[in-house]
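Below you'll find a set of structures to go through.
In the two assemblies presented below, chain A is common to both, partnered first by chain B and then by chain C.
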Partner chain A sequence: MADIQERIATLYPDATFEAADITVVNIPDAQWHSLAKTLRDDPELRFDYLMTIVGMDWADSLGCIYYLNSTSTGAHISVKVTTNDRIKPMLHSVADLWAIAGIYEREVYDFFGIVFINNPDMRRLFLSIDWKGFPLRKDYDADENLNPVTTESERQSDFTDTWVEDENGKVVKKEVRVFGPEDFVVNIGPQHPATHGVLRFRTAVDGETIKKIDLYCGYIHRGVEKIAEQLTYPQTLHFMDRLDYFSAHPYHHCLCMTIEQAAGIEISRRAQVIRVLMDELSRIASHCLFIGTYCMDLGATTMLFYTLRVREQILDIMEKTCGARMTFNYECIGGVMQDLDPNFVADVHKLLEVLPANIKEYNKLFTGNVITENRLIGVGNLSREDAISWGVTGPSGRASGWACDIRKTDPYSIYSELDFEEVVRTEGDSMARFKVRMDEMVQSARIIEQLIDNIPEGEICVKVPKVLKLPKGHWCRFVEGCRGTFGTFIESDGTTSPYRLKIIPPCLPAAAVVDHITRGFKIADLITIGGSMDYIVPDIDR
Partner chain B sequence: MEVTTKSMPYEDWKDNEYIEGLVKELNDNGANVIVGSLDKLINWGRSNSVWPLTFATSCCGIEFVSLGAARYDMARFGWEVARSSPRQADFMMVAGTIVKRMAPVARRLYDQLAEPKYVIACGACAVSGGPFRKSYHVVMGVGKIIPVDVYLPGCPPRPEAMIYSIMQLSRKMKVERFFGGVNRQEKQQEFLKSHPIEGIDD
Partner chain C sequence: MFDFSLLTNWIHQALTSFMPEWLAVTAECVLIGLLLLTVYALLALFYIYYERKVCAAFQCRLGPDRVGPWGLLQSFADMFKMLIKELISLKYVDKFLFALAPYLVILASMLCFAVLPWGNGLQVIDFNIGIFFLIACSSIGVLGILLAGWSSANKFTLIGALRSGAQMVSYEISIGLSVVTMVVFAGSMSVGDIVSAQSDGWFIVKAHIPAIIAFLIYLVAGTAETNRGPFDLPEAESELTAGYHTEYSGIHFGFFYLAEYLNLFIVSGVATLLFFGGWMPLHIPGWEAFNSVMDYIPSVLWFIGKAIAISFIIIWFKWTFPRLRIDQLLSLEWKYLMPISLVNLVLMVLIVVYGIHL
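For the complex of A and B:
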């Protein structure tokens, strides 16, 4: 870390450094783009993966924190860029360096009104085109009359704005067309059975071939990040269940870890083991449902019944311990809510017994099927470079040959002690994404096997102050959710509720990349490609 | 007249007073013997083949998938024909949060359903906004934009609860007059009159 800091300091004397869990570099906006280029291209740094952009409102200034990761060295760094202008805040875009930055910048624009110079597409991402105000700003006017509930269809525009810098350094606004005047545009969604929720694609087609897809999110944007600012830390936890409802346990785990790290709480070994067990069980349940719904998208309806059989068995195990089928709210700050059900171990053993036979059956029924092979092999190819540039993590990223499993690269909890393999394939097509998930179930079962007979005795939840206050500062932690790298960022001002809680979802990049990987394929392939990315829409929209 | 189904004794139902109110309304209006018997026959058929629209925005939708799978098996009741097109569906299970951007879409889907049509508000979010009560972007209950027949609480409701809610809906269907529209269509018209959309004539 020290030599990275030294290197940046020699190249950019204006940069200042802040110590945090991930070192923060402060840089003036004018030098930001050049620093970003150095960070990405310098052979010693090679920060090629943009994890997220956290928009921030510090009352006197607005700005962004960029979290970067190097896939070759594994190093982390964050960069803070701020502006004092609240009326017309502007920062330089890095959309030309990391493909996913374009979408992340749109998100920041949507919530904070920060305009990114040179970003080719500065539209709102989640809120409708006529929305008044920027909701995550601290001075946002939440008056219902400003943005009332309406049943009138929202205004559509084929144009987008972009701000470009001319030779004299003057920033001018330009209007650009999203689709050409001769493009034939088909609307898919938000109510479409194969978008897995309420996602909307506007698709320009040439005959049956896809030319371009314009992604519309926000049909289930619930404003979790803003609500969390009014709640205490334990109260914010339950929203994690309702983002990606299949990864409820890993997401809870992540937020708990972030808060525990900030508050300096050490949790017991028993609680750690229980958390990991629950994470892996939910991973199997999630992949089961993925296989079922994915096969259903392709017309193989009966597969759903086979995969849901295992899922129901897992839900039963969880229900006995957590008391719910989907929204568990089980992990809490300091450990877990309740002790395990007395039959937990026996039930899990039963599950492990039937699982291999079930996976074999899935393979027999579906994987080798000739229709499946024709529709999946060689469709929707995503190269390793593109996967990194677009930030596509999780099983989808690993199918492109990018070993991005946080459990291996940045082991948290007790994962470093466990013996399991990271499933990586190199084909990068829909079939690879499907097979990675299939194999991950086996690996998850392996983790559970190692732990289930060795659950240590001990307390399930350590003592945590009734009124929990975090010290001033910010923290960011990542875990491996069922669909990829999930992170939570907390900025605390020393009170009982977060000053800013940013949720870093794995599904937003997965949906954003659909435009890139479907180009040139037939419109029917959009369903198989989109399905293989396995995004969950409430996770995208938050 | 006790409105019930074969599988459940009358006293086990909740909200019996509501259904009795509907029965009274039906009886007060009187009926022609022939039309009345025909009504009964049609309603018997309708209430046993309620086709849902696949409309899920979030968590509740996954429980709806479980409902369709082998364990809870809604095919037992004749509801398994989940349609993706609103033109072919009888009712809309609003499974999940409706936000302001989605509101026009939900309303349009409702408008596209063929008459007679019904709505179940499924889950805390669709009933009242649920855990997102303080949100700037959530519609506080789908009842603000479309008329709701059955409110189903839970976050998400268990599949058993979903079965119960659709059974309640089919009970409601049984005491409706198919010819002449007693019991619910007038209320629906009133609602739509008070929530107009520009350019669309309800």
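For the complex of A and C:
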């Protein structure tokens, strides 16, 4: 870490450093693009993976914190770029360096109104096109008459804006068409059986061949990050269940970990084991659902019922312990809410007994089928470089040969003590993404096997102050969610509620990359590819 | 075997005894029409129930079991619901074509019923180009689907309709060729002659290898022709919501729905006719007692029973396989099925010429 800091300091004397859980580099906006290029391309640094862009409003200034990771050295760094102009805030875009930055910058623009110079597409990402104000700014006017609930259809536009610098260094706004005037554009979504929620792909097709896809999200944007700023820390937790509602435990786990780290709470071994058990059970349940719905998307409806059998069994186990089947709200700050059900161990053993036979059956019925092979192999190839540049993590990233499992790269909780393999394939096509998930179920079962008979005794939840205040500062933690790297960022001003809570979802990159990998494929392949990315819309929209 | 022509002749004579010939024929036509409509509706309802039960069995479920004993009345209830639903009129559709399309689809399958060999002497019309008529009629259906997709003024339906057009026109070739293969063997295009030629053994046994190849090709192409999974691209739910019939509601949608099941029956019925002896009972040479018992089963049951058994295979396909992609679908037809059919036709001609058959 020290030599990275030294290297940056010699190249950019203006840069200053702050110590936090991940070192922060402060850099003026004018030098930001060149620093970003150095960070990405310098052979000793190689920060090729942009984890997220956190937009911030520090009252006197607006800005972004960029979280970067190097996939070769595993080093983390964050860069803070600010602007004092609150009327027309502008920063330089890095969309040309990391492909996913384009989408992340749109999100920041949507919430903070910061315009990114040279970003080719500066539309809002989640809010409607005519929304007034930028909701995550601290001076946002939440008057409901400004943005009334309307019964009219939302205005649509085929145009987007881009700000570019002319030769005098003056920033000018340009209007660009999203699609060509002759394009035949089909709306896939927002109400569509294969988008797995209210997501919309505006798809330009030439016959059956896809020319371009415009991702249009925000249909179930609930403003979780904004709401969280008005809640106390324990109250923010239950929103995590409502992001990836197919596998809520890892998300809950992540926010709990972030708050515990900030508050310096050490949780008991028993709670750790229970959390990991629940995470892995969730992973099996989530992948079961993926396999089922994916097969259904491809027309093999029967598989759904076979996979739901296992998922049901897991949900029954969860229900006995957590009292819920979907929004568990089980992990809490300091541990978990309730103790395990008395039959938990026996139930999990029963599950582990039937799981191998079920996986074998899935492979027999679906994986080896010649139609399946024709539909999946070689469809939607995502190279390792693209996966990193687009920030596609989780099973989809590992199918492209990128070993991005947070449980291995940055082990949290008790994962470092556990014996399991990270499933990585190199083909990068839809079949690889399917098979990675299939194999991950086996690995999750392995983790559960190691823990289930050794759940230590102890308290399930340590004592936490009734009124929880975090010290000033910011923290960012990542976990391996069922669909990829999930993170939460908390900035605290020392009060009982977060100054800023940023959720870093794995599904936004997964949906954003669909345009890149479907071009030239058929409409039917959009379903194959979209399904294999396994995004879930509430997680994208938040 | 009971010859139903005795019954029909008796009715004809009874009618002509008190009314002029032309009036009797008209009355018979109306009667047959009503009868066919009833059979049509009942068969469709049965097929809906049948498919639900079969698919439920594949999916570890029970299927309908609440309405009536064993859920038997479920499809009646559904049909009633469909009948009383509103026909939603849309703004930008081509009203005339939009309303015409479902009737064309229904008409196509209705006409095919005329030449199916329902039982011994129980056939609406038996003329010398019966098979030819059947192929011609079943092709009208694609017109209805194309019109439905086009007139709905919706991009999804349009894509569905174009897919359907490409698919059905392609697969008609394989169906035609495998039918021609069997016609070569039977030496006749008359449905009645084809059935009676199988009285000493079904064609699938008599014409062995080429007949089995033709049957397999027919089964695949027939599944494609009925737009059923794994070839259900025109209405691929996950891609095109409901394909060409997305914009239809009420009984207009019901017509498409019924026609799909009836087409399934017709495809299976034609397979029965060409390969499994039509209404001919199962006879095994030398087993006289067995054969005479088989003769006691009415010929109508033989025909419908065989058709339902073949439908089972097609339903089995649907609930097992994932869907093909349009280019894979077309290359399966043009690169594999059609060349094989052509070679198979030559093979059949050789077998007939040299008499290498049972």
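Just so we're on the same page, the second predicted complex is superposed on the first by the 542 of 542 C-alpha atoms of A that agree within 3 Å, B and C clash if a C-alpha of one lies under 4 Å from a C-alpha of the other, contacts with A are read in each partner's own complex, and residues count from 1 in each chain.
As a convention for this text, a contact is a pair of C-beta atoms (placed from the backbone, for glycine too) under 8 Å apart; a residue touches a chain by one contact, two chains touch by 3 or more.
Quantities reported herein were computed from a predicted structural model and do not represent experimental measurements.
Engineer: Touching A:Gly473 in the superposition: chain B (first), chain C (second), both, neither?
Structural biologist: Neither: A:Gly473 stays clear of chain B and chain C.
Engineer: Tell me which partner A:Met326 touches in the superposition: chain B (first), chain C (second), both or neither.
Structural biologist: The first partner, chain B, only.
Engineer: Touching A:Glu312 in the superposition: chain B (first), chain C (second), both, neither?
Structural biologist: Only chain B is touched by A:Glu312; chain C is not.
Engineer: Comparing chain B against chain C, which has contacts with more of the residues in chain A?
Structural biologist: If we count touched residues of chain A for both partners, the winner is B.
Engineer: Is A:Tyr219 contacted by the first partner chain B, the second partner chain C, both or neither?
Structural biologist: first
Engineer: Given the touch rule stated above, what does A:Lys522 touch, chain B (first), chain C (second), both, or neither?
Structural biologist: Touch status of A:Lys522: second partner only.
Engineer: So in the superposed three-chain picture, is A:Pro120 touching just chain B, just chain C, both, or none of them (first/second/both/neither)?
Structural biologist: neither
Engineer: Check the residue A:Pro234 against both partner chains and state whether it touches chain B (first), chain C (second), both, or neither.
Structural biologist: It touches nothing on chain B or chain C.
Engineer: Per the contact definition in the header, classify A:Thr151: touching chain B only (first), chain C only (second), both, or neither.
Structural biologist: After superposition on chain A, A:Thr151 lies in contact with chain B alone.
Engineer: Can you list the residues of chain A that meet both chain B and chain C?
Structural biologist: In the superposed arrangement, which is not itself an observed complex, chain A uses residues 192-193, 304-305, 309 for both chain B and chain C.
Engineer: Using the touch rule from the top, collect the residues of chain A that touch chain B in their complex.
Structural biologist: It is residues 126-128, 135, 140, 142, 147, 149-154, 190-193, 197-198, 218-224, 226-227, 230, 238-239, 241-242, 245-246, 289, 293, 304-305, 308-309, 311-312, 325-327, 537-538 of chain A that touch chain B.
Engineer: Where on chain C does chain A make contact in their complex?
Structural biologist: Residue positions touching the partner: 55, 58-61, 155-156, 159, 163, 229-230, 232-233, 236-239, 241, 319-328.
Engineer: If you look only at chain B, which of its residues touch chain A in the complex?
Structural biologist: So the residues of chain B touching chain A come out as 54-59, 61-63, 65-66, 68-71, 84, 96-97, 99-105, 107-109, 131-132, 134-139, 144-145, 155-156, 158, 195, 197-198.
Engineer: Could you list, by residue number, the parts of chain A that touch chain C in their complex?
Structural biologist: 184, 186-187, 192-194, 205, 208, 295-302, 304-306, 309, 365-366, 369, 371-372, 374-375, 522-527
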